[in-house]
Each structure stands twice: as C-alpha cells, then as structure tokens.
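Note that subunit A is present in both complexes that follow, paired respectively with subunit B and with subunit C.
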Partner chain A sequence: MSAEKKYGRDVVIETIARLMIPFIQLYGLYVMMGTEGAGGGFQGGTIIAASFVLYVTAFGITSGRKKFPESWNAAFKCLGVYLYAGIGLLCIIFSLGVAEYLNYAAVPLSNIIGQADTRALMIADVVEIGIGMTVMAAFVSLFFDLAWKEESVKEEEGGAEE
Partner chain B sequence: MKLLPLVALFSVILLGVLFVYVVEDVPAFGDPYSPPNRYIELFSIDAEGLASSLDAGVLPTGLRTKIEEIGYTKENAFPSLEEGKYEIERIEGEREEGWDVLIMKEELYYPGLEKFYFIKEDGTKLKVCRYSIPVRWQEKCEEEMATPNMVTAGLADYRSYDTLGETVVIYTAAVSVILLLRRRGRL
Partner chain C sequence: MLPIEQFPVLVVAISLLSAITILLAGGISKKSGFFISLATITFQFILSLFILRHVLTVGTIHYWLGGWRPPWGIEYVVDVLNAYVLIIVLFLSLLAAIYSKRSVEQEIEARKLPTFYTLFQLLVTGLAGVVVTGDMFNLYVFLEIASLAGYALIAAAGGRALRASYNYLILGALGICFYLLAIGFLYSVTGTLNMADLRVLLPALYANKAVQTAFVFAFIGLGIKCAIFPLHTWQPDAYTYAPSAISVIISTAMAKASIYALIRVIFSVFTVDFIILFAPIFKIICWMAAIAMIFGSILAIAQFDLKRMLAYSSIANVGYIMLGVGLSTSTTFGLTPALMHLLNHALMKGCLFMAACAFIYKAGLWDIRGFVGLGRKMPYTCFAFLLAALSMIGLPPSVGFVTKLYLILAALEAGEYIFVAVIFFSTLLMIVYFWHVVELMYIRVEEGGEKEIRVAEAPMSMVIPGLVLAVLCFIVGIIWLIGTPLPMMEAINSGFGLGVVVP
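Then we have the complex of A and B:
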C-alpha cells in the first residue's frame, strides 16, 4: 500500500489502461486460437501476459496481485502443460497397443468428424490453448516476482536510511 | 602505432570476407527449388537404357542397389524398394523434368504413396535426388489436418514433441525463478 501512496494515481493512464486491456486480451485470444492467421500459443500467451503487465503499471502491484492471485498463476501454469501432455496420453490410450504419443488422429472423435478435422480441432483448441496458458502464467509469474523483489529491496534500503 | 586497432580492423575485414563467401553459396530466399526446400542430390549414374525402364514403371536394379548401398534400406527403417511397393511417375514441369518415385508407407493412420526420390536426366547421366521434408508439408498438410496455416500445422502436429519440450522449458524457467527469487531472506 505504501508504494501506491508514494506514486499516486494518474487518471489518464488508468482510463487508457481500462479501455485497452480487454482489447489486448481479445487480440491475444485471437492470435492464440486461430489456425487461419499468423501466430500461435507462444505469441498469444505473451500478448495476454502483456495486458497484465499494463494493468500493474497503471494500478499498482498490490491490486494487480488481487486480480491475478498467485494460486491462479500456479494453477494455470501447470494446467497448460497437463493439457498438452494429457492429450498425448489420451492418444496412447486410444491408439490401442501401438502407442502413438501425440498422434491426434487416434482420439475417438475422429470416428465422428474425420481424422483431418480432429487434428485441426486438437491443434487449434487444445494444444495451442495449453501452450498459451503456460506461457501466459509463466510470464506473469516472472514479472510479479521481479517486481516484488525490486520493491522489497527498496523498502529495506529506505528503512536502513531512516 | 597502436597494435590493437589494427588487429581489430583486420579481423573485421576477415569476418566480412568470410560472410560474403558464405552468403554467396546460400540459395535465394524463398526459392522453392533450392536444395533444402525441394530435393538433395544423392548420386549420379550412367543413363544407358535406364530411362526406358523408368518409363515402364520399374526401378532398374543398378539404381536400386546403389540407393541401398547408401543406407536407405528396410533394416534402417526406410520404406522398402521391393517390387509392387512403389510407383514411378513421369513429371514434366517448367523447371523440373524427370521421374518421381512414390513409395507406399506403412503408417497406421495415413497409409499411402509418398514422394521419396526424384530422378532427373542430365545429359548422359541420371541424377538421383531425395525429396526434403518441406515438400510433404506443402503438399499434404491441408489435406491431412484441415489447417491452412503450414507453420501452425508443423509446430503443433508434425513437430509436437519439440513444442511440448519448449513448453516444459518455459514452465521450468518460471519454476526456477520462483525458487530463486522467493527466498525472502533465507539464503
């Protein structure tokens, strides 16, 4: 709290951030999920993480922490990797004895909508989302860790001077 | 006379010359017929009587033994060149003229003929080339996974082991930073 009082609040920055953050996140989702356009999980995740960085720059680190708490962060980070590796495991189970890890055509959905469409669906909506989640949570976690560190060092130095 | 600036200038010139020398051999960017993008030459062989055999759809024994000498055999997990497992097609394009050797692949989900070797006539010699992987990406990716974006298809499907590893690398980096920075005075 002391940090926010020290720096004060700026109406212009807060309004612009409020306006832009939803659009940045929407754009991040678009980049992450679409297979027609450019981009992919890594890029989309980084764009969404950038929106959190913008939030912290505008509203301060403690309110940023309230919006995206540490427990969510850890959960997203693990869930992304689990999604990706879990699809691989699902393929091993359903390919029945040949153990085709990460061959999406083995998922039984392909009996209904065809192998090509199953692979497209898995790429666009499962794998890329998993990558995006992990990257997003990892970058936000890195940013928060570095920012907290800086602040605690500053406070310690200030205390020593007083 | 200072020695250090002279040595620096000399090494910069040397690096520049080396760079130009290397870049001269690199094919033009985006050329679809350059060796890494299209095919790589394996060997060349005398063309006596082989062309008619290729036109008839049979791989001559001399050619086949020479391919197997390099190591493209069934023991090394390459598709076999036995009779009946391959087809030969005549190709006449603007920039390439020759024969495609299509081999039946024993894949579980996508059995089918796949372009493997390309034989091209060059005077009295026959050049035997092997197709590169990007050819399959370009020609098969939309049909196999209904994805118009070749890069995403390659990243998340053909090379998904690689991408899984990359994701785990990022995850591990984040966990290591947590372990390093959140010690809060405990060292």
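Then we have the complex of A and C:
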C-alpha cells in the first residue's frame, strides 16, 4: 500500500496547492527575467522547482511523476545548457570567427536594437532562462531521486492493476 | 582575430555541448554515446595539435571570453606548457575512449550507457578546461567539473568502487576547499583572479601572511588532487576499482592535468622568487618525492592485485615528477625532467592499465598469481605490457630511461647525490615488481607440465590502443634523446625564470 492511499486525498491541501502553484511559477519567472540586469537564473529555477515539490506534496508522487516524467527532465537540463553554450557558439559563427565566445554584441540583433541592448537582453533574459531551466530540472530530478525509487512504484502500479 | 585563436575555447565549448548531446541522443539509441564521444575527442585532439603549432610558431594565445578585458573578464591563456599538456590530456582521453567501447559494455548496464558517456565527456571537458584557462577561479570550476564527473565514473563500477569513490569524494572535496580558500585569500589582498594579473600584483605583497597562507593552502589542495606522497590515500582504491576505461583516463589524463595545475600555480602565480624567499619548500618537495618513490615501489611489491600494484607504482612516479619540480631551481635543466615525465608516465601507465584491464576483461584475472601461461594466451596484450614494463624499468632508449637519465643528471648538477641513490634504488624495486609479473606471464611453467593453450586475445579495440602506447614509449624516448622537443622545454623554463642557476 502506498502512502497516498493510506492517507487519502485532502481537499484543503489540494485546493491551496492548485491556487498557489501558478503564482509560485510566475514569481519564479519574474525572478529569472523580470528585472533588468544579470542574475536570478539560479534562484528563479529553484523557485519553480519548489512549485513541483508542492505539487508532489499535495497530489502524491506518482501523479507528480506523470506530470513531469524523467525524459522531460533530461530534455530540460540539456536545453538549458544548449541555450547558454549554444548562444556563445552562435556569437562566433555569426561574426565569422571575429568575435569571442559569449560576446553577445556579435548576435545579429544588434543591428536592430543596438549593441548594449543586445548584450542586456542576452545576459538578463536568454541566458538566465537557460540557467533557470537547467537548475529547475536538476532540482526536480534530485527531489525525485531522494523521495522515490523508480522500481518500487512500478511494482505498486502493477499491484493496482491486479 | 585569427580563426585559430578561437580554438582554445572551442576545445571546451564543443566538448560541453557534446556531453549534453550524448544525454539527449541516449533517448534514441543507447549506443550512440560512444560514437559521439569518440568523434568529439578526436576533433578536440586535432584542434589541440593546431593550437600547439600556433603557439610554437606565432606565440601565446590570449583569449578574452565575451570580449571582456582580462582583470575583469575570464581569460584563456595558452602558452607552450598549456599546449603541451593539452595534447597529452586529449591524446590519452582519445585512447581511453576507444578502449572504453568493449570494456564498458561488459562493466556497465546498457541503460546507463548514455549517462556514463555524458559524464565521460564532462570529465574531458573539465580536464581540457583546467589546461587552457588563465584564471584562478575558472581553474577551480573546471577542476570541480572534472572531479565530480570522476567520482561518479569511479562509482559506476559498483560494489567496492562505491567505497573507493566515497573516499576520493571526501578527500577531493577537502582538497578543492583548500584551493578555494587560497583563492579567497589571494582575492582579498589583490582583488583579482587572473593569473597574469596576480603575478604582477603579488610581488609587493609577498611578505603578507595571507599570501603565504594562500600558497600553503593551494599547495596542499592541489597536492591532494595529484596524490603527492602523504596525501595519496584515496588513490590506490580509486584506481583499482574504477571501470577499466576510467582507470586509464584518471591515472593518466586526470593525474597529469592536476599536476599541471600545481605547476602552474607554483611557478606562474607565485613565481620562483616567492618560494625561494618566503616559502623554501623545494627541499621538502624533494624529500617527499624521494620517500614516495621508495614507499610506492615497496608497497607495489607487496601487492598481488595487478591494478593495485600499478596504482602504487603511480605514487612512486608522481614522486619522480615532484623530484623534477623540487630540483628545478637548482639546475640548468629547470622543469625539463618533470615535464618529460608528465608525458612519459602518461604513456607508460596508460599502456599498463590498458593491459591490466584487458586481463580482467578476458580472463577475469585480478591476481597476478593466476598469470601463468598468459604470455601465450594473450600474446599482443602481454607484449604491450612487457614493452611498457621494460620502459618503466628504464631500458634504453625508452621513455623511462630518458626520465631517469635527465633526473640523475639534474641531481648530479645540483649536488644532491642522495637522490641519485634514491632513483637507482627505486629502479631496483621496480625491476622486482614488474619482473615478477613478466616472469609469471612468460617464463613460469604451470604445475603438471606444459598444457595446450588456446589463444584468447582481448578485442581489437582494447589491444590496439595499448600497443600504440607501448610502441610510442620507445618512439617518444628516441625523440627525446634526439632532442627535438627540448627547445620547447627551454621556452617553458625561460617563461618561468628557470634554467639559469643563481650561484
């Protein structure tokens, strides 16, 4: 018997969680990219990961895993690093090997909105989203690893079917 | 900017991108990891050859990441020493990657392969990063990337490897903390993390206690990573129980990158002047190295487990390198013997570990007492082992001979006759333990007379890297004796202000 079935579902916790989770995630996004200036990617990612922890606390770990499977987790982790390292590489490619790695002034946007704004956009938003994604996925997968073993739940699912 | 000046950052960035690509591609095909990793490391190795050529013909590469000026931004600096170590690290990583193909299939579950190769590629990323960076904190970050990947990879073998990896984790974390404290102290007094900038700012502050403490912390921290004699306790278990390919890469590429970091911090950040005036540790390094050379060899004799024997032999060989470092200020050879042995030991130990792991792969032989008749059963692997063992003992014109020759010349020139005796004694001990293995393989006859033995050689992907290294042991030895790379060594020495003896 899993812990979820033993304790049943609680209307109060579920409703509060339903109300809170969108706001927590919005706040995480705000921390990530809401203000001008660099920084906040790590913190924002942690806050969004916390919303998943709340979801699992309220709705149980099996449905949490269904909402956010491990393959998504791996994809998010990779996507974050791709965003960060890939844009750095794009700087070299777009400038045909003249600008340095991570030199955001070389991104073609700078013809439209100016060099300083391009740098600001890249550092404050795009790169922060990349960091946030990777941190969020890493925290969620850490949480699931600590809370739960893949095999044990498969057995439980098998038992439920019977 | 020349396109070639982009290469130092590409070596790191492409490796990082490839690491996560392996993880994603693992969702499609479990076996794709090996091929992506191999292709990336080959590409990195080719880049590193171009980097060396550029550094030798044009000059040091200074690369400002993001276009930010050095004291504020991160700078990658590749001079002759970096380029030389980068080639060693990537070449050994390449051979370890080829070697991993079949050995990993046996040792790691198929569903874990993508993660394994992701970590493997991250380890290579970290090592390449350690070697190309010119920033103290960036060095810390890359060392930590490499170490964390290393802990996980050692633990991947399961069983006893878990304990070995945990020991390494604790000691490695201690070491890296010491190094981080050193960076903190230096930053608090100078306000900069750039190595070249520190070198300019530090001389005025040499008498400062914080700087002296920082030196001690950095030395101990990196000393743990390199497994210098009294700080080596994590090393034998980690080398012994790691998966085959990981034993090869951590005993060669990773050990060499850590020793490079130590040399860089001692000679490039703190400089020889500081050490002679305020921290006279070269004498202590020499004696620690001498003890390591004898202690490691004696413990190696006591082992029956071949991988463990090689691990203790590594402690002795780190002693050789550190003896070269310790003697560097008092001879005209400077760092040449130490840097020579950096390459030489990587070649020899890589080959020996490859052979030892091939015996385990094919015949399940950990214990050398079971080696009787192995010379006929696995002829090529045993031949590679024999060549590398002879090279280790110091048969001319092998690389081991060249190292010992230069170290003895350096010790004679410095007037430290006791170390000449130590080198000879340690060579004698090496003959004992290596010849014991060779005798069991080739000469000893099984009880009950000769039996018909079927040839059961390890797979080609495991034999060929070993044979390549074994042959290189002798070719590189001849190249050293001809003296082609010696101008390169002199360039490194003059960059550090070594090679001139102050009476």
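Methods note: the second predicted complex is superposed on the first by the 142 of 162 C-alpha atoms of A that agree within 3 Å, B and C clash if a C-alpha of one lies under 4 Å from a C-alpha of the other, contacts with A are read in each partner's own complex, and residues count from 1 in each chain.
The rule is simple: a contact is a pair of C-beta atoms (placed from the backbone, for glycine too) under 8 Å apart; a residue touches a chain by one contact, two chains touch by 3 or more.
Only a predicted model underlies this, so the values are computations on that prediction, with no experimental measurement involved.
Within the superposed three-chain model, A:127 lies in touch with subunit B and out of touch with subunit C [touch as defined at top]. With both structures placed on the common chain, the touch criterion links A:102 to subunit B and to subunit C.
Legend: residue contacts after superposition of the two complexes on their common chain; A:16 is shown touching neither subunit B nor subunit C.
Of the two partner chains placed by the overlay, neither subunit B nor subunit C lies in contact with A:93.
Of the two partner chains, neither subunit B nor subunit C is touched by A:26. In the superposition on chain A, A:81 contacts both subunit B and subunit C. Across the two superposed structures, the residue set of subunit A contacted by subunit B and also by subunit C is 77-78, 81, 85, 88, 98, 100-105. Contact residues of subunit A toward subunit C in the complex are 71, 74-75, 77-78, 81-82, 85-86, 88-89, 92, 97-105. Note for the complex: subunit B touches subunit A at residues 108-110, 143-149, 151-153, 155-157, 160-161, 163-164, 166-168, 170-171, 173-174, 177-178, 181-182, 184. Of all residues in subunit A, those touching subunit B in their complex are 35-38, 40-42, 77-78, 80-81, 84-85, 88, 95, 98, 100-106, 115-117, 119-120, 123-124, 127-128, 130-131, 134-135, 137-139, 141-142, 145-146, 148-149, 152. Those residues of subunit C that touch subunit A in the shared complex are 1, 3, 6, 9-10, 13-14, 16-17, 20-21, 23-24, 27, 63-67.
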